[in-house]
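Supplied in structure tokens, the structure appears directly below.
We just call them A, B, C, D and E in the order they show up, numbering each chain from 1.
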Amino acid sequence: MQAITENFTVRHNGSTVNALEIKDLKAWYGESHILHDVNLTVKRGEVVTLLGRNGAGRTSTLRAVMGLTGHRTGSIKVNGVESIGLPTFQVAHLGVGYCPEERGIFSSLSTEENLMLPPLVSRTEKGMSIEEIYAMFPNLAERRHSQGTRLSGGEQQMLAVARILRTGARLLLLDEISEGLAPVIVQALARMITALKAKGYTIVMVEQNFRFAAPLADRFYVMEHGQIVEHFAADQLHGKMDVLNELLGV
Amino acid sequence: QITDDVVKIGVIVDKTGVYSANGGPGGVRAVEMAVKDFGGMVNGKKIEIVSADYQNKVDIALSKAREWFDVDKVDMIIESTDSAASIAMQKLAAEKKRVMIFAGSATTALTNKECSPYGVHYVYDTYALATGTGRAVMQDGGDSWYFITADYAFGSSLERDTTRVIQDMKGKVLGTIKHPLSASDFSSFLLQAQASKAKVIGLANAGKDTQNSVRQAAEFGIVSGGQKLATLLVFDTDIKGLGLKNAQGLLFTTGFYWDYNDETRKWSRRFYDVHKAMPTMIQAGMYSATMHYLKSIQATGTDNADAVMKKMKESEINDFFAKGGRIREDGRMIHDMYLAEAKKPSESKEEWDIMKIKSVIPRDQAFQPLSESTCPLVKK
Amino acid sequence: MAEDIILETRNLTKEFKGFTAVSGVNLRIRRGDIHALIGPNGAGKTTCFNLLTRFLTATEGQILFNAEDITNVPTAEIARRGIIRSFQISAVFPHLTVLENVRVGLQRSLGTTFHFWKSGTTLAQLNSRAMQLLSEVDLERFADTLTVDLPYGRKRALEIATTLAMEPELMLLDEPTQGMGHEDVHRVTELIKKVSAGRTILMVEHNMAVVSGICDRITVLQRGAVLAEGSYAEVSGNAQVMEAYMGTTTGVLEGAH
Amino acid sequence: MEIFGIPLQAMLSQLLLGLVNGSFYAMLSLGLAVIFGLLNVINFAHGALYMVGAFLAWMGLAYFDANYWIMLAAAPVLTGAFGVFIEKTMLRHLYKLDHLYGLLLTFGITLMLEGLFRSFYGVSGQPYSVPEALSGAFNLGFMMLPKYRAWVVVASVVICLATWYVIEKTKVGAYLRAGTENPKLVEAFGINVPLMVTLTYGFGVALAAFAGVLAAPVTQVSPLMGSNLIIVVFAVVVIGGMGSILGSIITGLGLGVIEGLARVFYPELSATVVFIIMAIVLMLRPAGLFGKEK
Amino acid sequence: MSKKFSYGVVCLAALVAPAFIYPVFLMKVLCFALFACAFNLLIGFTGLLSFGHAAFFGAAGYVAGHVLKVWGLPFELGLLSGMAVAALIGLVMGGLAIRRQGIYFTMITLALAQMLYFVALQAPFTGGEDGLQGIPRGNLLGAISLGNDMVLYYVVLTIFLGAFAIIVRTIHSPFGQVLKAIKENEPRAVSLGYDVHRYKLLAFVLSGALAGLAGALKTVILGFETLTDVHWSMSGLVVLMTLVGGLGTLAGPIVGAVVIIALENKLGDFGNWMALVTGIEWFRSIGESVTIVTGLIFIVCVLAFRRGIVGELSPLVEVPKKQDKASVSTVAA
């Protein structure tokens, strides 16, 4: 009953519903218990960053949302719809775009095929057109016919992000998109995030690179040992630097 | 005296393979029938039968036979088809001093180089097949041949014996190609035979292999192109398998036909009742051979192989299968053979009315004369 | 000229089906240096490493190690001559113990690696040297632990210990701190500094803090070619480098971190 | 006319026969390539399923009076459904393990299938006659080419090219190719990958059954017909480059023809020629003719 | 102690077994056990799955058969020449296949072995479909006649134990240690200066030679050699034995061989016995369906008992040492 009303609200009063609402999420890889009661909420249009040390469980949180970890329990509501019991491919159809840590460019597909691969996941949203995407990432336009994995690291990263913009997904899960990239490219990505935010996308970023994430995010979550240990808004950032230093060694 | 108080007969046949219809389960039935007809007992001792499927594989036949002799104390083994396995078992039986009867194997090696005092070659052999059919075809003007030969002991033996007949009669062999046992596609072999322009394509194979060759030859227009097929070994069941439409006119040599006389008809009908098919010469021979063996045990009062073999060779075989049959010292059982032809569909009056006997080949001419035998047991 | 060059490449070039990943690179690595190879993504750094260790075969050019041409020497032989590399992802033998891991490095020196008839106990003679190496990287407590159970940073340390067991003249490290937290970065940096005594090290690294801290010389690659070479100060003062790497000609050269 | 002492007529006819055999190689290795591509499973059962296809054709005729054309459609569907069953109940549980287990499992399935058909029908062949519409032969001058064999070549080339087109040129194909590399990620994009995997296996298996029905009138129907062929097809796949669609088609047809040539020039070699070529190819191009070096 | 003790019991059982069981059957079991152990040396300790081991087994069988029968050389030379040829084939086959990994390696070994099959089918000295028959057993050291099954049994047992000892030693040797490292992380082993292909090749050759010994022995025992031994189904059979017993365990292949050979030979009896005990007539027919049962075992093992009999049982019997568990880790990761 409740689910139905919530669904109802999604359709008619979308903006008040949280884009992502995670409650008591536990997740396992095989025998090993990785996430312990993660609670996290992301409002529509927000950019939220997950911080934490290596192995803190940030990637695992994103993967758990997509149903890519082993076993998981708790509640994950995407745009108000409970998705904990859904198989991965149906989660995507709730309007989620996932950009994995390892980029996942397909070598047997050309750049353009890579770009066109993800199907539309929303009936209402159209997503960006291919022209818009090429306008945003001119490098990709230039190399549209070359094999996906022949692109340079940065171009691959752009491609990985670009292809989930086409699908109409309004909630983007971006994992370490600045990892291993030269500063020049990191800056380009930062501009892209700002642009997306302006268009009303909701973004959850996992970042190691604090300098990159700090100016972009509205709110921050800090994870440690598979739990959220700290949570604050961007304007509180200054006051939290000590804590961050302690937790992350920033 | 009977060892272990039981006479054990091992029947080793191809139960499911290319030759299963020729010998196979029907062969086992024939032996069972013989034992039953004999009364199930000999000299007050029970007669037991064990049977095995050797899939035409030498190794299975040999392992089974060895185990039968060593562990199960089998007194006599009778087999149904595979020549290579037969040669191997011949040696084993000689080593173990037990009686070994070959009903279906065709290689003449069994009574020549590989002969043994304990082996009996009962029904037919490649010499008999070759002389019967080869002569008839040559006399018909088919004087240039190309062979399609099954690539094992039987095939090469059959080819060799037929070649000898052809050359004796001033014919030519233009070539030969070997195919593996139970090949399914003969097209390439047939095309090669066709390209040779030989008048006759000799099929030195048997069972399903022969059936497939004949059928595919029709597909590739070989007979309609003017070449003739010589099927060197054909059983009733093969003709049934091919259908008279495909088989009509095939000329071949056989050791038995169920519809030959009243005696054969009487026995064959009984066999049909248990097996639902008319007997092939192998199956009829297996019955006859088993009977002869059991009678010899009865007469000598022992299952000692030497004594039984002596008796078997002494006494004449006179039953529905053979008249005046005799086992020579090389182990060859000689009896009359027949040249037969498959009927046209129009000539056939009932389901199993499939061939006509064209002539009888008397027993002294049907088989290789003792004088030509290379068997060391033959005193010259 | 007094410079003692341990490794030199002459016009080193690698083409992948019409795409030139490394083009005409002339590297000169001085003995005893910690030498960094930096450059934007796709500049050809990893490819260079692969060429040097012959995981890839060069399309053109020469590689000289101690003035000997090793361009066409097979992979394993290069290692035996004293060039040992590490990988971007950690490279240990997960189901051997920590001690055994190091022993795999040492074992070759016995010359019995093909002796399948010899008893395994003959390897015990290597244990003391192995423990010595482990203590160098602070792992002797873990000698009997299965390697899978080690934390990530320790695995990198173990990897270095195993590499040291080979007594390498030249160590090639591919992004040794990639994917590490700040403490681990610090630990591994210190370790590299420590083991560099008496050896030459060539490393790829995006983390400028590490590079500026320990490297004697830096080569900057761009689009497969050398853009600049020199000390940290020289390179960071180069406007072209700033442009290519940072996308700006102002500010200081710093890593993404 | 003669070439190297071999009559041209003999050579051409053997070449044509080789092409017929090659058609079967191509269809079977194509199915293997498709399955290997997406599931990373070497489907050892491919030969057995080919046999099942042929047996279904035969059984259809023997028990239900269903003619060749009906069974040409029905047997692949039924076998494909059986493939779906195998995938859903067994193969599915092995994906997270080493690929070798897939090979071993399908090997077990092969033994069971062959054993079952053997115990019911014996090892020897059941005759299956050429459908009425295709009986007779074309007189090509140098040989009589049975119409049926010409049909086999045409049907297999059409099927192969259609498959190739779907996989290389369509969106579905793009999903398949991407799924080959990183199924989890493709799933995260919203594509029902498990279903795709199941259907792919079903399709690959259906291809084998289709080839089986095509083969029934040519080779007769016997439980061992698949196992005799499958090893050669494996060699074809290795030569073509594992997982390469185009590679398997071209190599399949090509090797059939080469075998045909070998039968003319050096018949003793015809059974081994494929393996000899394989050895040579491996020495020169370890990943096969069309394969990509990992 | 328990390990030594159980080895002792097994050896004792092997010594008295021929008094109760048909010795030819026992010898056959020993041959296949050796074959499986040799195979396991490769897969269990280098992670290479060969589907072409029939080539070694069969080729050695043919060579030994030929040497004994046609050349009339003594028993020992027969075995040695069989082994030598198998090792040589291993060298050639390995040379071609060893550079490929995983499934690729498997397919190549399979295809190369099949090539050997066709050679065996056509080479004149193998007797084609007929095979070699009537191979004499000869004398041990030129003196003791091996015609007697009992005598031969103890000779075979001794050879088996010797070969098994070699395998155990190899696994624990410095060479074995390198193999383990290669199996764990091959690129790393290369970067440490190990020419991994040569180590794998040696392992392959060793495994091939021992498989050859098994094949040669089998020929001598049974007195014949046929195409069955070079056929790919023989390669499949040895995989099955090893899998059933437990990949990468020392005793596993032996147990597997016993189970599978017993199954092949005694399934019919077992079916009859089951029919007697349970009264269900259907059991009588299972003797005819060895392949179905074998296939079923294969499937069940792959799906549910990947560690095999020994692998599944040993954790129950003894407290596992950490290190042992590692070496038991099934097919290469």
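The rule we apply is simple: a contact is a pair of C-beta atoms (placed from the backbone, for glycine too) under 8 Å apart; a residue touches a chain by one contact, two chains touch by 3 or more.
Fair warning: this is a prediction, and the values are worked out from it, not measured in the lab.
Asks: Measuring between Cα centroids, what's the chain most distant from chain E?
Replies: With centres defined by C-alpha atoms, farthest from chain E sits A.
Asks: With contacts counted as defined, which of the two, C-E or B-D, has more C-beta pairs across the interface?
Replies: Greater number of contacting C-beta pairs: C-E.
Asks: Quick one: chain B and chain E, Cα centre-to-centre, how many Å?
Replies: About 39 Å, centre to centre.
Asks: Please report how many Å separate the Cα centroid of chain C from that of chain D, as a whole number.
Replies: Centres of chain C and chain D (C-alpha means) sit 48 Å apart.
Asks: Round to the nearest whole Å and give the separation of the Cα centres of chain D and chain E.
Replies: 31
Asks: What residues in chain E touch two or more of the other chains?
Replies: 121, 288
Asks: Which residues of chain B are in contact with two or more other chains?
Replies: none
Asks: Please list all residues of chain A that touch 2 or more other chains.
Replies: As it turns out, chain A has no residue touching two or more other chains.
Asks: If we use the touch criterion from the header, which chain pairs count as touching?
Replies: The list of touching pairs comes to A-C, A-D, B-D, B-E, C-E, D-E.
Asks: Within their complex, state which residues of chain C touch chain E.
Replies: 53, 55, 74-77, 79-80, 84-87, 91-97, 100, 103-105, 107-108, 110, 112-120, 122-123, 146, 162-163, 166
Asks: So in the complex, the part of chain E that touches chain C is made up of which residues?
Replies: Result: residues 166, 169-170, 172-178, 180-181, 184-185, 187-196, 198-199, 202, 206, 322-323, 326-327, 329 of chain E touch chain C.
Asks: Of all residues in chain C, which touch chain A in the complex?
Replies: Going through chain C, the ones touching chain A are 16, 19, 39-42, 152, 175, 178-184, 206, 244-248, 254-257.
Asks: If we count contacts the way the header does, which residues on chain D are in touch with chain A in the complex?
Replies: 171, 174-175, 177-178, 180-182, 184-194
Asks: Which stretch or stretches of chain A touch chain C in the complex?
Replies: 53-55, 150-155, 178-188, 208-209, 211-212, 248-250
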